[in-house]
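Paired with subunit B in one complex and with subunit C in the other, subunit A is shared by the two complexes that follow.
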Partner chain A sequence: MSDAANTDRWIRWLNTLQLVLAGLLIMAPTVWMVLSSFKPSFEVTAYPPTLIFSPTLENYDELTRTTPFLSYALNSLIVTVGSTALGLLFGIPAAFAVSWTRISWPAILTLAARMAPGTLFLLPWYVMFRQIGMIGSYTALILSHAVITLPIVIWVLLPSFDAIPRSVFEAAQVDGCSVTRILWRIAMPLVASGIAVSAILAFVFSWNYFLFALVLSNGDTKTLIAAAFNFIGEGSTQWGALMAAATLIALPPLVLAALVQRWLVSGLTLGAVKG
Partner chain B sequence: MSDTAATFTQDRQKLEMAALSAPAVLFTVAMIAFPVVYTIWLGFQTFTSTGKQSFAGLANYSKLISDVEFWHGLWITIALFVLSLALQLVFGVWLALVLFHAKRLPGIVRSLFISPFMMPPVVAGMMWLVILDPSLGAANYILQSLGLPPSDWLASPTWVIPTVALIDSWQWTPYVALIVLGGLQSLPPSVYEAAQIDGASPFKTFQRITLPLLLPTIVTAAILRSVDLLRFFDIIYITTQGGPGNASNTLNIYGFRVGFEFFNIGYASALMLTLTAIVFGAVLAFNRLRGAVAW
Partner chain C sequence: MASISIRNLTKRYGNFTVIPDLNLEIADHEFVVFVGPSGCGKSTLLRIIAGLEPISSGDLYIGDKRVNGVQAAQRDIAMVFQDYALYPHMKVYDNMSFALELRGTPKAEIDARVKRAAALLHIEPYLDRKPKELSGGQRQRVAMGRAIVRNPKAFLFDEPLSNLDAKLRGQVRAEIKALSQELQTTMVFVTHDQIEAMTMADRIVVLQSGTIQQYDTPEGVYERPANQFVAGFIGSPAMNFFPVEWSGEGAILSQGGAAVPLDGETAGRLRQAGSAVLGIRPEHFAVAADAADGMAVHIKLVEPLGSDTLIHFDLAGGPAIARVDPALRPKVGDRITLRPQPGKMHLFDAAGGQVLR
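On to the complex of A and B.
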């Protein structure tokens, strides 16, 4: 065995050690949340904290019994699916037009909107929606969340549309295809995976968004994220139910993100990094 | 003849393109452009507690300059921004290097690494609230079993901002790492080979070659994080609502509370426009920096 090979092995071992350490730091809090959600109520607040316990579903049971968790979940689903659909409906043709014409200001405008603090829009929306009696309506929530989903759809799809060779479109044009037909029949099938990634990212970020529903929803239309605030308020000792709620709220975005993890980061940088 | 036909097709094409982007543009005008103009107008209005509004000129802005709470919020915002960004960039680059040398990453490992920043920040806040509980939390138990003094974490006016920075860094360091990893993977291998032939130590190679070549990617990650960090809201609102006292009252939290707890929409508008200007200023400054470190 040469010295160099020995050093090499040491370095690799050290690297694996760091990787495991980083993995533990990243995973531990989430694992703790999930574990706590399955602990019997007297054990959740036990000090010193316990690692071994007999798992129970009582926290989940209590959560669904004492709070309208399922109707909050339904509200979240309506708002998220609605805003994702709206984002796709408006975003796909817009991204295609921006990619084709190279006129980029519509895309840049939506990106600028994504950078501004949400409260900047929430103040005028509140005044406007209140005047027309739309506070607490699904429409107001879906429209506000579409402000999150639209730039995601446009910016995830832009590089996909850009990657299609121009000659493909030109050939179709010569054959007399209208632009709309080219988009529908040729371009969209070619960027199908991009559309899937953008839809999932839009869904995740709409689901996770807190601020708008905090003000624009009412007791009947409150989303899970906005209701999370109530779960905390309900009692500092109800940790089990709180962690059960947290686990359930985090589940849909985590499952969806795992499906597209390979394409996720380049999509998340909204065009700033090509990966 | 063919000329007019060509113009006709071109005009038709332009029209069709306009029609394709029209829904998105109309939506953006209705939901973003018009509301922002309206906010600017609201910034010149004053609202009484009964909801009556009247023109106030620049009163909201002169109030802002003399408002101690605004300057405090600005300071908190900047402190949280600097602290979090530093943590996330340093650990993000470290993690990226570790991942880079691990060569292949199974999908499941990648999924685990993205899980913190894909979960709602509100959920991250809920779970850390329990972990960091001063009397029963797991964090203090670990500190004490290591012989270290416990902390009040989010309940301490001194430690609340570093704690929030820590929670946000837990969420977003893997994101920075994956961006930087993308940058690392796109670096030309030839430069490493040259350094190896020259007998450069790993540390020297990193300092003199990897880091300068990575800087544009790192600045990009910094831009993406800055936008979120300067308008920090979710984790603070769910854990402390700006407290204890006003110790974590960032500008975004302050503006929100002025608007929706005290219903002073005019002053809140002035605050939010100021914060927006700060965010865009930071993005432009970073963009110049990115131009300066590009290669």
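On to the complex of A and C.
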């Protein structure tokens, strides 16, 4: 075998090894979480952790028995869908405007807001929403989660809009389109996969966001992830139920990502238009 | 259909002036070509007419209407872009019907106009395809079809042939010319290719650094170039230039001092000027039998083109080209005597490059 072929084989092996290691690192907590959710409560915290055990649904049973799980799930869905829709409603035109005018500071501002710690917003929001009597409302939660979804939509869509040849927009202008119509009839259909990707990412990030719901929700509007926090007590933590809740919370984003995996990768890596 | 009138137009980007004070009148039904080297402002001027670039100062009229602040969408002009700029997500039919649909044209009329344009451009078989399923030439036709269906006041073309191969370019060039005669609409065409300009235009605008060097018919810019820039830009191969001066008895090359046989009129102008730049197109050299009748040169390179042959030589310290009869069968190293044809010589001011008349 030639040296070059040998080197190629080694590179392939090393690549595989890297992928396996990275996969293990990323998947280990998830696997641990799922396995723990099916363990009897005394085995969840056993050290060293047991890999062979008799699976049980007692944690799930406890979860549904002790908490209004479905209504929390519905709250999560309302807040997530609402904030994703709000993010798309303002994020799509915002990304298009930034791309069209090539004035990037508004996009950078939204990114800065996204990168700032959530606690920064909490106090002013709490005071503000309380003064207008909106603490515990879906509206307060949806508005606050838009801080998560809006930058995602803008920054996922910006390269997609930028990738559309300028002349396509100019042709539409000459054809008689207003800027709004160009967005609606030309730009949006061309970045459809980008819009789908940004919607999925916004959904996932909003679904998983914990802090705002913890402070701004009440018993009726608590989201799943904030409700799961109830299993962590001051004296003892119900690890089994917490793991069961975490597994169920993680399911929708995982299923969503798995369903559109191919789309997700292509949507993240390029703009929508070619020849 | 409409005339286009540009008055004292200036275009600046920040402190950089691309077009300084330009005036131009394009008549109704006229086919005008803007030609010039890269960066001369020809595409900017076209985009200003289209409404895609704002005017810094001056006025632009389409027909009788001043359109300075009028959006591109309201100017009723159609444009064919260099990269065609078709809508990738729409079928050919929808690409062509889009503008009509925006104007609320009845469906039956849209259908009739799209089909008529498709027939004219031979693109009926592709109406159901998306742009990515078409070749470059087919896309080019669709882009033209999209412009034609609108029956606009004027057509603007921004280097639409530059992405086509040489054979297709020639074919589409002829088609656009035929189309312009059939549609009888004002057309403005931008190109850097002087052959496109010469073959298609009713009148040519030769631009350099945002200023019009000459605005004339193709014959005018070829036969009576206004200055050395136009003379050198129009014609292929380009015109030869030799610095010449009046010796007292006749014209001589400034470098080397060889006598140049000028016709009487040109000699008179040179006598008056004292020194100038003599311009002779490669096709306007004649081969003289007697060495005393012309300028003797050594052939450095021979390019047989079939219909004629180009010979390269050095004269007056610079390279020059002559187009000769292939029957002469010139060879590298041959000594040949050339003389400029009477009535085909151009004299330019040695300092400013303006033609001396």
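As a working rule, the second predicted complex is superposed on the first by the 215 of 275 C-alpha atoms of A that agree within 3 Å, B and C clash if a C-alpha of one lies under 4 Å from a C-alpha of the other, contacts with A are read in each partner's own complex, and residues count from 1 in each chain.
Going forward, contacts are C-beta pairs under 8 Å (C-beta built on N, C-alpha and C of every residue); 3 or more make two chains touch, one makes a residue touch a chain.
In this text the structure is predicted, and so the values were computed from the model without any measurement.
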item	value
Subunit B versus subunit C as contact partner of A:141, first or second or both or neither	neither
Touching partner for A:200 - first (subunit B), second (subunit C), both, neither	neither
Partner chain(s) touched by A:178 [first = subunit B, second = subunit C, both, neither]	both
Which superposed partner A:152 touches (first subunit B, second subunit C, both, neither)	neither
First, second, both or neither for A:241, with subunit B first and subunit C second	neither
Of subunit B and subunit C, the chain that contacts the larger number of subunit A residues	B
First (subunit B), second (subunit C), both or neither touched by A:170	second
Which of subunit B and subunit C A:190 touches, first, second, both or neither	second
Set of subunit A residues, in rising order, touched by both subunit B and subunit C	173, 178, 273, 275
Touch list for subunit A against partner subunit C, complex	165, 167-168, 170-178, 181, 185-186, 189-190, 273-275
Contact footprint of subunit B on subunit A as seen in their complex	11-12, 15-16, 18-19, 22-23, 25-27, 29-30, 32-33, 36, 45, 47-49, 86, 89-91, 93-94, 96-98, 100-101, 106, 109-110, 112-128, 143-144, 146-147, 150, 154, 173, 178-180, 183, 204, 207-208, 210-211, 214-215, 225, 228-229, 231-232, 236, 239, 242-243, 245-246, 249-250, 253-254, 257-258, 261-262, 264-266, 268-270, 272-273, 275
Subunit B residues within the subunit A interface of the complex	9, 13-14, 16-21, 23-25, 27-28, 31-36, 38-39, 42, 95, 98-99, 101-102, 107, 109-116, 118-124, 126-131, 133, 135-136, 138, 141, 145, 170, 174-175, 178-179, 182-183, 217, 220, 223-224, 227, 230-231, 233-234, 237-238, 252, 255-256, 259-260, 265, 268-269, 272-273, 275-276, 279-280, 283
Complex contacts: residues of subunit C adjacent to subunit A	50-52, 71-75, 77-79, 81-83, 85-89, 98-99, 102-103, 131-132, 146, 150
